[in-house]
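For reference, the structures are reproduced in the following blocks.
In what follows, chain A forms one complex with chain B and a second complex with chain C.
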Partner chain A sequence: MANPPLIDIQGLSIGFLGRSGAMLPVLHAIDLRVCRGESIGIVGESGSGKSTLALAAMGYLKHGLKKISGEVIYNGADMFARSTGELARIRGGQLGLIPQNSGQALTPTLRIGRQLHEALRLHCALPDGGHEARAIDLLTQVRLPDPAVILRRYPHELSGGQQQRVAIAMALAGEPDALLLDEPTTGLDVTTQAHILELLRDLARTRNMAMVYVSHDLGVIARVCDRVQVLYAGETVLEGPVQAVLKTPAHPYARGLLASIPRLGDRSLPRALEGRPPAPGSDRTGCAFAPRCALATDQCRTIRPPMVTGEAGQETRCFYPEQTTRIDMTGSGAPLSCCMADNPAALSLNRVAIRYDRPGALARFLPARPRPPATVDDITLTITQGETLGLVGESGSGKSTILKTIAGLLPPAEGTITLGDGTALTPRVEQRRPEQLRRIQMVFQNPDESLNPRQTVADILGQPLRLYFGLKGAERHQRAAALLETVRLGAHYLDRRPGQLSGGEKQRVAIARAFAATPDIVLCDEITSALDVSVQAAVLELLNDLKARHQTTFIFVSHDLTVVRALSDRVAVLYQGRLCEIGASAAVYAAPSHPYTEVLLNAVLEPDPDHAPRLLAEDATDLSPPARGCPFQRRCPVKCGSICDTDIPPWQKAADGHAIRCHIPLKDLAKTGPA
Partner chain B sequence: MIQLLLRRLALGFVTVWLVSVIIFLGVEALPGDACTAVLERDAHGEALAKCRVDMGLNAPALARYVDWAGAALTGDFGVSANGQDSISQIVGYRVRNSLLLAAGALSVGIPLSLLLGVVAGLWRDTWVDILFSAGAIFAMTIPEFVAATILILIFAIWLGWVPAIVLTPADAPPLDFFPEFVLAAVVLTMIMIAHIMRMVRSSVIEVMASDYIQMATLKGVPYWQIVFRHALPNALLPAINVIALTVAWLLGGVVVVEVVFNYPGLGRLLIDAISDRDLPVVQAITMIVAATYVGVNLVADILGLVLNPRLRSHHMSRG
Partner chain C sequence: MSAPAAPPMRRSRLWDTLRDMAARPSGAIGLMLVVLHLVMALISPWIAPYDYREMNSAVILGGPTAEHLLGTDHLGRDVFSRVLLGGREALVVTGIATPIAMLWGGMLGVLLGLRGGWVDEALMRLVDAFLALPGILPLLVLITVFGSGNEVLTPTLAFFFGIPVIRVARAAAHEVVARDFISAARARGHSPLSIVRREILPNVTDTLLVEGAMRWSWMLLGFSALSFLGFGVAPPMPDWGLMISDARVYMSLAPWGVLGPVIALSSLIIGINLSADALAKTLGLDQGRKAVV
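What follows is the complex of A and B.
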């Protein structure tokens, strides 16, 4: 490297004061060097200390954390030795931060304009009148339409993608030399994510900035970084060029991580990484990864491995880097259990429409206003027994809304839902009989919120057993223990409370609770979104296993196309509450596809530096569907004319029940097929 | 937002109306009526019958309710049980006196409690915070009559700075209550400060730990600008409702404090009216207190709407 590093972190250790009074480290002797024009990715699972590292690069520690040793040299001086005034000048000026969740990082009571002006006033010597023009200029640079309007808005009035762009504009206000990006696209839709990342790439190139990306998503890292550093339990285990780290990683953890990511092109279950990282500050002798490592020897368990040079310019903290190739990085190859297409129906939705707005008591006295189009409209679906139906779409596509309606939490405005034996489902959950309730169970996205923290696992699992089967005492206890076995948790978990479980364990308990009712249909609402990829892979494996053993029907909702692909027999694509495409999973993910499916598939990021997403359409800004015509008319890249604005497209049937709702003939759609 | 305001306003009216019905029915259900109260021992035979005819008590309950409620709407609550004094006039002075006391307590109490709460929140877990928080709990736990007695002992009896109790008649001009009402106002301030301060403290701590404060710090905004521009507008929003409850409590007559200091406010009038079985006055005071609670909370809701852009906005974003 010819030019000196802009940020030079040397031997940085950070910890917190434990209850015993000892310093418990969360970061161990981290080294990180970033030069101008260089992009470094910091990868790790939750708890690996990656966000702490990014914030420490700005000389900032969260409440309760303390620096133990090491230095963060920025521009020749230690950030932790600078005065408050000096830090305030550097932060937001030469060193910009782009936060994970801009919706929460923008002050809710201040207009966008005032927050941007503040950044300009603090870090940019401009004459008084210049701020307004500069603010508009910045918003234009991050490609926000109508910058003058945006300036007058409050943060909550913008979409997630717009908020993220505002945060980027704010970081650019100080003309930064380096940007720290803490999960900059986590929580955004795939298309928005792809757009934001392209924008950041362009900005980095044109301004020759140093970029530090912190992310759990290897797809993001692959797209934007030159070099990668993999953190595990607070220490660097692998460092090297992005090509080498993602293609031939020389550390078992990195290989395991890569194997646990579901791929778009590969319809098999990803391989789960068993075990979990050590808790911060736990006693460590030897390699931190040894308990989960297939290659671990006695040496690994007793001596902490040093960083050694491995293949293709990588530095790895492993005694046996040359042996790591023995760890398989392809999917588990576990046979996907598949259902018979001619099974009888388990659940049918017939022309279901759902509305959130309800005319209030006052509305009757007010002049009638035209009602907005229904949130979800015209959903006709049949799910066969033992089938897994994936529902995909961006946020606001109504996928979770449909699940809520099936579960009875939100009665449909129109249409009917019938069970396989022909009984119509009572719209409201309070009016359903226990037998109806038992047959449909739901697993929620966030087990922290769906499990009562005051109950033990035995209580949680016991409730459905008592309610639906009247089980008592020892019998109930035994059944609960057996349920835990089916989700691969031991009976000793029965006495624990959710707070004592890891994220993946909690979600297993939530799944066990759903299966306690021996349901016909299990509704899964983004159940792996809050989990780390390695844990996600294990949960996917578990679901596949349960499906094979119990012939349960699943409706699996996710915004992640690769996860849906890994698990679903059939996939339905939703846009703004309307079905665009439905069919067997292989057919939906191949040509011909609906233009919207096409947009989504092309925006997916793969953990492969040679893969580039294609941006076919603008990311979403509209919140309500159009009153007439095709729901996708406003963003469609291949819109065929005014017919799209006026007429709802017909269902075009392809082979094997694959159907696409578009005005463009199937053979023309096939030509534009995925790259 | 207009619709939301209208809904709140309508709900407020319904609440006050329901209260009026309950009060009316409650008084109906009691044995005896205005005439038995006025005539006392003479309440029998012809005199009672004549009185009932005079006062229109023989009309059906509904008609009497409409009469009473209609008059109350215009501020006329009829005459008190002694048959002579206009309730509006008696109550009017008392309301003014209660307002005076409340204004005295609020004008010091609100700024002081906000200040203490913010300081305790910003310097959480330091000796300042511990001192303030412990003081607040102390002030909250001492019953007001004990605090009042101790203050009287110190400032009126030992130091002799202010009179121990208020001897000013209810209808005296406002300035005559000074400095006699000071001790009463101090006791009330002590109690309300504790509530508001603790609320503000936890709200400041929560906001200071939020993502947007961290972001502002990492944007290079100096500390005090963060506090005043980013933190306080958000941290003080939830305080509005607590303040509203306190205001309503103060305006509704603080019975114990008024009795201890012999202060001629609404609370003491209520106690006197109850012991005199002066039902029309009790009715009137209850109505005023109910309307005050509803009104003050309505104002707090509106203020919350105006100050919080997330509630005010027309184009709400989903999720």
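What follows is the complex of A and C.
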């Protein structure tokens, strides 16, 4: 490229001092060049060193890390050689950082206006009076509605997407030449993510900025980046134009990573990448990926491969780039274990409504005020035995709330929940009989939270065994070991504590704990969202396996439509605690669909640079559902008139078991099918 | 951090913790002081050069000499011997009362933290009301009613010093209760007591241990303050608080008289505080300096 690189990282190695006193590297001789107007994606799984690299580009190292060798040249000079004053001017000014979780990055006690003012005061030469106008201008640029109102708000009064936009506005305050983005859309809803990515693309283009985009999500990278660098265990294993890297990757790891991503168009389980990456700073000879590589030879295990030129402008760290095509990148094609639709019911929800607000002690004596609409309302569902029901929806749609209610942790305000044999479940877990409790088990989203850090795996698995079956001593130990086998972990894990396990292993232990009760129904609350994609694929495979073997009924909650697609027999779409659409998985993902399903499906990102999401509706969600009419009325792109504001739409039967709740006739909904 | 699999042969956690504490300067000094005091309290009856009751009218308020290293008091008793012996009562009483205070305060706090609701609210307001009083006042009231003596002092101290522990234990439990493994245990149907014992207590013991060490030093000060006021140890038993009180009267004549007990008491308190500080850091409760990798 003709213009000189703005950020030029050469041979950068970073490490930490190990207990033995030796320097243990977490980044190995990384080269990274970014020019103006160029956007580079850094892809890698957790622990690959991608965030460390992004921070190092600012000349910043986390506590405990040290630069071993190499240079980080920004605008002609080494960042690590600059003075503190100089760095302070560059950071946040010419070089902006957008962090992963802006809710954490914004000061909770200061209004947005104050925080933007601060950024403007430090990094631009406006007179004090001009700040407000500039702040409004910045918020308009990041497409926040009512910028003047937002300025007076505190961070907690904004949604996750709005917070992220404010963070982008703050980074833009200093008129940066380069932006570093550390997973800026991870944890956001699909629609919000798609909107933010479009915004970033436009900003990069109009301002001719250099962008370094760090993410584990190849779909995001495909959308915003020109070039991609794939990191594995702290070293670059593949570098090249986004088209080549995502379509014909010349490195086995990149191929495995792509294969592990579930896709909308493919109703089969993604292929899992076996094994796990080496721990940061661990000693190694040969190729870091060799232990997990299907093509590995003795040469790979003993000699570290150099970067070589591969197909279509890629640089790959592999001895056999031409052989990598042998590694399949499509889904596993493994048939999903499917259940009979005419199985008897396992669980029924009948007009369940859930409220978080409670009338206060004085409410009885005060004049009656209209209560806000229920958080979850009018949920009627029947789940048949051995079926997997996917519950999809954005954050705040009440999916987890429904699971908590089924588990008895949150009593419903109205409605009943009955087991397959007709016995009604008491609202509260404390009143349920042990036998009822045993039959319903729950797996939580984040295993770091759901496993007690002070217990060993044996203790964790022993709890349900002791409680439900009264197992003791050797018998309990044996059963726990057998459970670990079913989740493909060995008995040697029994003595470990959660802190000694990887994310995927922890979630396997959590799944094993649920299966310890030999349950009929397992409630899965976003159980793969805290995991890396390759690990997620393995967990999905495991669930499918367990389902086939134990005929277990699953309720699988996720915000990720592709994951739900990969695993579910039936899917229910929720918006703000109300059902919009329900039906067999294939039917829900095809036309006709509810306008909301449509919006969600079109916002899904694929790891394909030629695929563009379509933004059909605004991403702003109101905090509470409307008091009357269709719950989706405020965002619906095809609203058909005042009837949507006043009447709750009827269920329209589209096909056997497929129903859509909308005023628009089915034949019109079918016309607007997914592109 | 994903350390390589820990070797199966591990010494007890207590030993590991003590060793890690001793590796820090604060821990090394603190533990040394505490151990020194404990050893001294144990062996002082055999090494004290004089009987603590032995009066010598020839050397009343005498200065430090070779026979009397720290001089003599207003009754001509050897101050050095009395300093050596003066911590025994305090250590025994607080040594028993501290664990009792931690136990009842800790258990109640954790239960309230788990249960919440109006019982929690009501009891916590009571605790607040109590904490608003100057600490020594209710102590004095109880002692005036029931009389002094160790059999009264021990339960009294255990009761009053356990009240602030409720607050600490409740706060620590609150942090744990919000986590999903508690929801998971509730959803499985475990009883509250089982949840407290298996899920919460293992996660709050660290906090309670550090708190206990701090409470111990507070209690020692409280005990000495009572003795100083004449409500604690009865003469002629030597006690640092009492000795300071006695020597204070003659400070202008024999300023060295207060020196011995003051140094003894403060070195023990400082030792405990330093140890508590090192313990907090070792257990990772001190968030300020946590390594990233």
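Quick note on the criterion: the second predicted complex is superposed on the first by the 669 of 675 C-alpha atoms of A that agree within 3 Å, B and C clash if a C-alpha of one lies under 4 Å from a C-alpha of the other, contacts with A are read in each partner's own complex, and residues count from 1 in each chain.
Heads up, the rule we're going with is that contacts are C-beta pairs under 8 Å (C-beta built on N, C-alpha and C of every residue); 3 or more make two chains touch, one makes a residue touch a chain.
Model, not experiment: these values are computed from the prediction.
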item	value
Three-chain arrangement built on chain A, chain B and chain C clash or fit	clash
Touched partner set for A:Gly93, first chain B, second chain C, both or neither	first
Partner chain(s) touched by A:Gly76 [first = chain B, second = chain C, both, neither]	neither
Touched partner set for A:Met442, first chain B, second chain C, both or neither	second
Touched partner set for A:Gly473, first chain B, second chain C, both or neither	neither
First (chain B), second (chain C), both or neither touched by A:Gly129	neither
Which of chain B and chain C A:Pro453 touches, first, second, both or neither	second
Contacts of A:His63 with chain B and chain C, given as first, second, both or neither	both
Where chain B runs into chain C (options 43-51, 115-123 or 133-141)	133-141
Set of chain A residues, in rising order, touched by both chain B and chain C	62-63
Chain A partner contacts - residues on chain B that touch it in the complex	3, 6-7, 10, 209-212, 214-223, 225, 229-230, 233-234, 237, 307-310, 313, 315-319
Chain C-facing residues of chain A, complex	16, 26, 62-65, 279-282, 404, 407-409, 429, 432, 434, 437, 440-442, 444-446, 449-455, 459, 463-464, 467, 495-496, 500, 502, 513, 517
Chain B contact footprint on chain A (complex, rising order)	55, 58, 60, 62-63, 84-85, 87-93, 97, 99, 101, 104-111, 118-119, 122-123, 154, 156-159, 167, 170, 174, 360, 362, 366, 395-396, 623
Complex contacts: residues of chain C adjacent to chain A	1-6, 8, 179-181, 183-190, 198-199, 202-203, 291-293
